[in-house]
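Here chain A shows up in two complexes: once beside chain B, once beside chain C.
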Partner chain A sequence: MSRGPYKKVSLSQRSEWYWGWFLIAPTMVGLIVLNIIPIFQTLYLSFFKSGDFGRGNIYVGLDNYRKLLNDPQVWHAVGNTLLYALMVVPTGIALAMITAVLLNRNIKGRVLYRTIYFIPVVAVPAAVTMVWRWLYNSHYGLINYLLSRLNFSTVNWTTDPDIALASIALIGIWSTVGYNMVLLLAGLQEIPKTYYEASEIDGAGKIRQFFVITLPLITPTLFFVVVTSMIQALQVFDVIYMMIDVTNPAYERSVSLVYLFYNNSFKYLNKGYGSAIVMLLLVIIMIVTVIQVKAQRKWVYYMKEG
Partner chain B sequence: MKKTGMSMILALVLMLSALTACSGNENKSASETPGGQSVSSSEASPSPDNVASGGEAVTLRFALWDSNQAKGLRKMADEFEGANPGIKINMEVTGWSDYWTMLEASATGGSLPDVFWMHSNEIYRYASNGMLLDLTDRINASDKVDLSKFPEGLVKIYNFEGKQYAVPKDFDTIGLWYNKTLFDQANLKYPDESWTWDDLYNAAKVLTKDGVYGFLAALHNQEGYYNFIYQNGGTVITEDKRSGYDDPKTIEALEFYVNFVREGLSPQVFGDAERADLIANGKVAMGLFGSWNLTGFTENEFMAKNFDVAVLPKKVKQASIYNGLGYAIAHNTKHPEEAWKFVEYLGSKEGQERQAELGIAISAYEGAANLWVSSNPTFNIQKFVDMVQYGVIRPYSNTTIIWEDKVNEALKPAFTGDMSVEEAAKNAAKVMNESLAEEK
Partner chain C sequence: MAEGRKLPGFFAHLFLLAGAFLMILPFVWMLLTSFKTVTESTAWDPLVIFPASWKWENYLEVLKQYDFLRLYWNTLAMMALRVICALLFSSMAAYAFARLRFPGRDLCFGLVLFQMMVPPQIFIIPQYLMVDAMGMRNTIFALLFPGLVSAFGTFLLRQFFMGLPKELEESAKLDGCNIGQTFVRVMLPLVRSGLVALAIFTALFAFKDLMWPLIVNTSAKAATLSSALAKIQSAYSVNYPQLMAAAVIAILPMLVVYLIFQKQFVEGIATSGGKL
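After this line comes the complex of A and B, so read on.
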């Protein structure tokens, strides 16, 4: 009500505010229009039985959520999604860390190796999956061909319920290592060389240097990588979508939440129920992320600035 | 602490930006009625000649799902463009399953292609929601399209509440493709009209050797178990819209079909694309494939050399699943006159005969099928036309797409051997009836 506080703000401070808002506006507008509004629309839709072509939605209250709780397929999908994340994230980050450390040294052809590791990130996921599908093909795929030449029994990589999810996780790891490696490389280069020089004088070996200097100082980057990889893994869709049909016997054991959402929304034309599945995913991701952020105090080490 | 707050925000932002969920596109076009053509026709120029002289070409979007037919249809579209300067046809090919996702999304967003293929599975949803242009008056006024020249069953598929929403394009039946070379080597007689289920089974047994399977019994309805169900006198959907999967005759047919997999006479195949790969690579000696595969099979050297096609074997009667596509026009097209002109050409005697001549598909127009037969000297495709007399229209209801997929999911454990066929079929009946109960 009172105009008091405004008077205290100097003109230059005010113009600074305006500039600040102006500069973040493009991001904010994009975020609100493309992400935040759709989230609320999805939440809204999850209380409806959707009609054809977005018309004639019928309000059903919590029916979709009630159905969700009693749908074994949803819980299979939750299990599959979490299992996938557990297979992909730790292994993927460990591999990214190892390659980053190796490629941070002065070795011959460093740039070439870095490029090779980064190529899967640039490749189109759909095209990559097509190639992997050929490799995995149980009748004339390259992998099974090699296995049979070596007198091993062949494997149904994409149709055996016990194996399909691991086959998919392998692609997930392969395609994310490069990206995480680049992030970690950037982090490694932030670490001042003087620490290594000092520890060398004190007689520390390479291994000890890694655990005492590199690892603690890379934790801020590592934290970022863990959080983003985790979110990405929980949203796995394209590879499973292209690899596993609804008719695939491994479907139950490999369907992810996003794939299930897709099938319910676009295949079975039940967008309301699909929306409820996505809300469940949102809650799961939120819980996982909050836990990670809370836990970071225990292991993330920020260098003192200045 | 400040750092924690910052990273919390960062993490949230990341989460949001990654979670781009589907938004329920509220349709603004509630006021757009299916009969809106009179409004939009005023926008379209009165005659195409004027358009041509004005130099302003109208581009029609034409959507279809079969890339095998796209080449021939492009040729027809080119010819149509030549005869109708001022109209350009822009073809958009999307694979079968993505096609319907695309069409659904564009219908919801109000940007349907001008002309597109329609299927018996989906016609009800699109027609009942007013997504298609009512063609009844245009057909009646046309001197080129005469529905009485098309098989009645096919015309009926695209008729909803007395209004015609699509012009029949073609029909298709399912044939038994067999490897002649392997039959010769095994000294077996080629399949013919007299073949019964027993002949099929015995031949599959003889032909299964050296890494080749005798028969392809894939988890597939139209090019698979549907045919056997009707040959055995069973049904998929009853007259009063109940599931036929608990009918003992249906179960018996499924048991016969699944048995090929159980006895190792057929590989376990679940993916749609994998089936054609298997036959084209010589991994199976016999398989059921629809007439629309013809172009692809002819182009495949191995198949052209070794394979031929016969009518399906019989049990209590002969049967082959029979279906036909239609050409539909979007309710809100900006160019209804031009779109109709194109569809009228495609459904005319001339267009239908051209389609047959080019070997694109079996034209549904009376007499045109013979032209199709002579378009392909490689295979004995007369058999596809022969089967029309006992063809069974592909079972459909208002929500076919939903229960078809759910039935496939339910039958899956029978194919893997995790469940008895009878139990799986009963589950299929259950999910199908649940889905049918939700139909209005």
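After this line comes the complex of A and C, so read on.
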């Protein structure tokens, strides 16, 4: 009976401990092996250079980071990635918001609209990019056909360095509007109907209701959607990979950080440098997220509990 | 009153219809192109909208060149295994994190949160090196590997378990259930909507994943639909009708499943997003 700290632990409490440990064991083992150790391993690898032809890894200290800071391609990729996020996130969320507000009423064909807007979300990005490449095709694409019919000059959507990133961003917006709309719609439906009824009695119009009731009360959902969309956008890869190959004249002006990470790690087989690039991505995502969390006090409205 | 409401309703429909048109147009164009000959697909003056005859040749050609049955199987196996692992391990851990008290709980849950905050690309090189060291590249297991456990699923289901009333466990205990029985018989059935949401979320994102299958399963036999399309594109870069046929084959199964279960899909995504 004199087992020190364990004295007060009853048998049923002890069994709760064992059950707890047993139930979390698979997840924790997996998490540590698959995720936690790899974080440190990636950091560790970023101090090495992959040797040629089985010469193993050579310790190079901070060389990869020095190279990173002086690599114009990395800075292009940082700029492209941020620009992409700035093109996709605000526009995409604004469109998703408008659609969600319109669908949050007893409008005819509500389910049909929702179903259609969500279709791009269930399509493989690889297939989606293929059809967009076809639509963008400078000689035979549908978009240039329509432009030429309307007497506009045609555009090299995927090869013009000034345009390619915007073309990619358009695909990004198109494929995420439905996803964000569904999240916002769920948020809108949680706003109590009585608020609208009360303001109607006070004689408020639809537009005023939107700015006084809907917008403030949706800001927590909106904040969540902005933060997650931003993180997703900063990790853009699939569409750029499928659309812009290394020989494309627009490569420099459209390569993203994750694409650069992929090319360095798995195409040029320099995993050390690839690791350094992904650490840079981590830092950028952290900074952007912290800024957003700090800024939320200025615009996110939390209803007081109780 | 009625007069004033008609006009905004009209504009709402106009906006929504234009949006719906833009959402569908790429898919319609994909389908139409897949039935055209190369000449029809590149005709500009006049533009050929509908093919002269609906021929299946592009599909037959693509199916002959690529073993789509195999790609379907690889993709389906990866999705199913990832869903099973996520449901099984995440529900166990989520229940323990939400309802049990034991030493080390908060530290472990902290690790779950930490994993969710880190961009997943950071895990890829070490995970690849592990699969390579095991000699498991170009296998179904390799496709499953990063999805063996799910921090997101654990977090999501924990939210569901936390919402259940405390009395349930107490009465189960009085009925003589131990913790394992309480979990499986009483609590698990009550978070069904959470399990459905997690299953849909996991399956959808496994289906869409491109980088991991591209890296780990380089042989054509072990590819997924997503990574195979990337290869097909570079092989057929000019024959758009055949490329579109391949794209249709890759998109169709998930699209059909979605159209049948659209309510569950949309609600699943809404709850998994909203519970974060």
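Keep in mind that, in the parts below, the second predicted complex is superposed on the first by the 265 of 306 C-alpha atoms of A that agree within 3 Å, B and C clash if a C-alpha of one lies under 4 Å from a C-alpha of the other, contacts with A are read in each partner's own complex, and residues count from 1 in each chain.
Note that in this section a contact is a pair of C-beta atoms (placed from the backbone, for glycine too) under 8 Å apart; a residue touches a chain by one contact, two chains touch by 3 or more.
These figures come from a predicted structure and were not determined experimentally.
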Touch count on chain A, higher of chain B and chain C: C
Touched partner set for A:247, first chain B, second chain C, both or neither: first
Contacts of A:34 with chain B and chain C, given as first, second, both or neither: both
Chain B versus chain C as contact partner of A:275, first or second or both or neither: both
Contacts of A:116 with chain B and chain C, given as first, second, both or neither: second
Touching partner for A:266 - first (chain B), second (chain C), both, neither: both
Chain B versus chain C as contact partner of A:50, first or second or both or neither: first
Partner chain(s) touched by A:209 [first = chain B, second = chain C, both, neither]: neither
Touching partner for A:91 - first (chain B), second (chain C), both, neither: neither
Touching partner for A:235 - first (chain B), second (chain C), both, neither: both
Interface residues of chain A shared between complexes with chain B and chain C: 31, 34-39, 41-42, 45, 137, 139-140, 224, 228, 231, 235, 245, 261, 265-266, 271, 274-275, 278, 281-282, 285, 289
For the chain B and chain A complex, residues of the former touching the latter: 3-4, 7-8, 10-27, 30, 101, 104, 107-108, 125, 128-129, 131, 219, 267-268, 270-272, 274, 277-278, 281, 283, 401-402, 405-406, 408-409, 412-413, 415-416, 418
Footprint of chain C on chain A - complex, ascending: 13, 15-17, 19-21, 23-24, 26-39, 41-42, 45, 95, 98-99, 102-103, 105, 107-109, 111, 113-128, 130-132, 134-135, 137, 139-140, 142, 145, 174, 177-179, 182-183, 185-187, 206, 221, 224-225, 228, 231, 234-235, 237-238, 241-242, 245, 258, 261-262, 265-266, 271, 274-275, 278-279, 281-282, 285, 289
Touching residues on chain C, where the partner in the complex is chain A: 8-9, 12-13, 15-16, 19-20, 22-24, 26-27, 29-30, 33, 41-42, 44, 47, 88-90, 92-93, 95-97, 100-105, 108, 111-112, 114-115, 117-130, 145-146, 148-151, 154, 178-180, 183, 204, 207-208, 210-211, 215, 225-227, 229-230, 233-234, 240, 243-244, 246-248, 250-251, 254-255, 258-259, 262, 265-266, 269-271, 273-274, 276
Touching residues (chain side chain A, partner chain B) in the complex: 31, 34-39, 41-42, 44-45, 48, 50, 52-55, 57, 137, 139-140, 159, 223-224, 227-228, 231-232, 235, 245-249, 251, 261, 265-269, 271, 274-275, 278, 281-282, 285-286, 289, 292-293, 296-297, 302
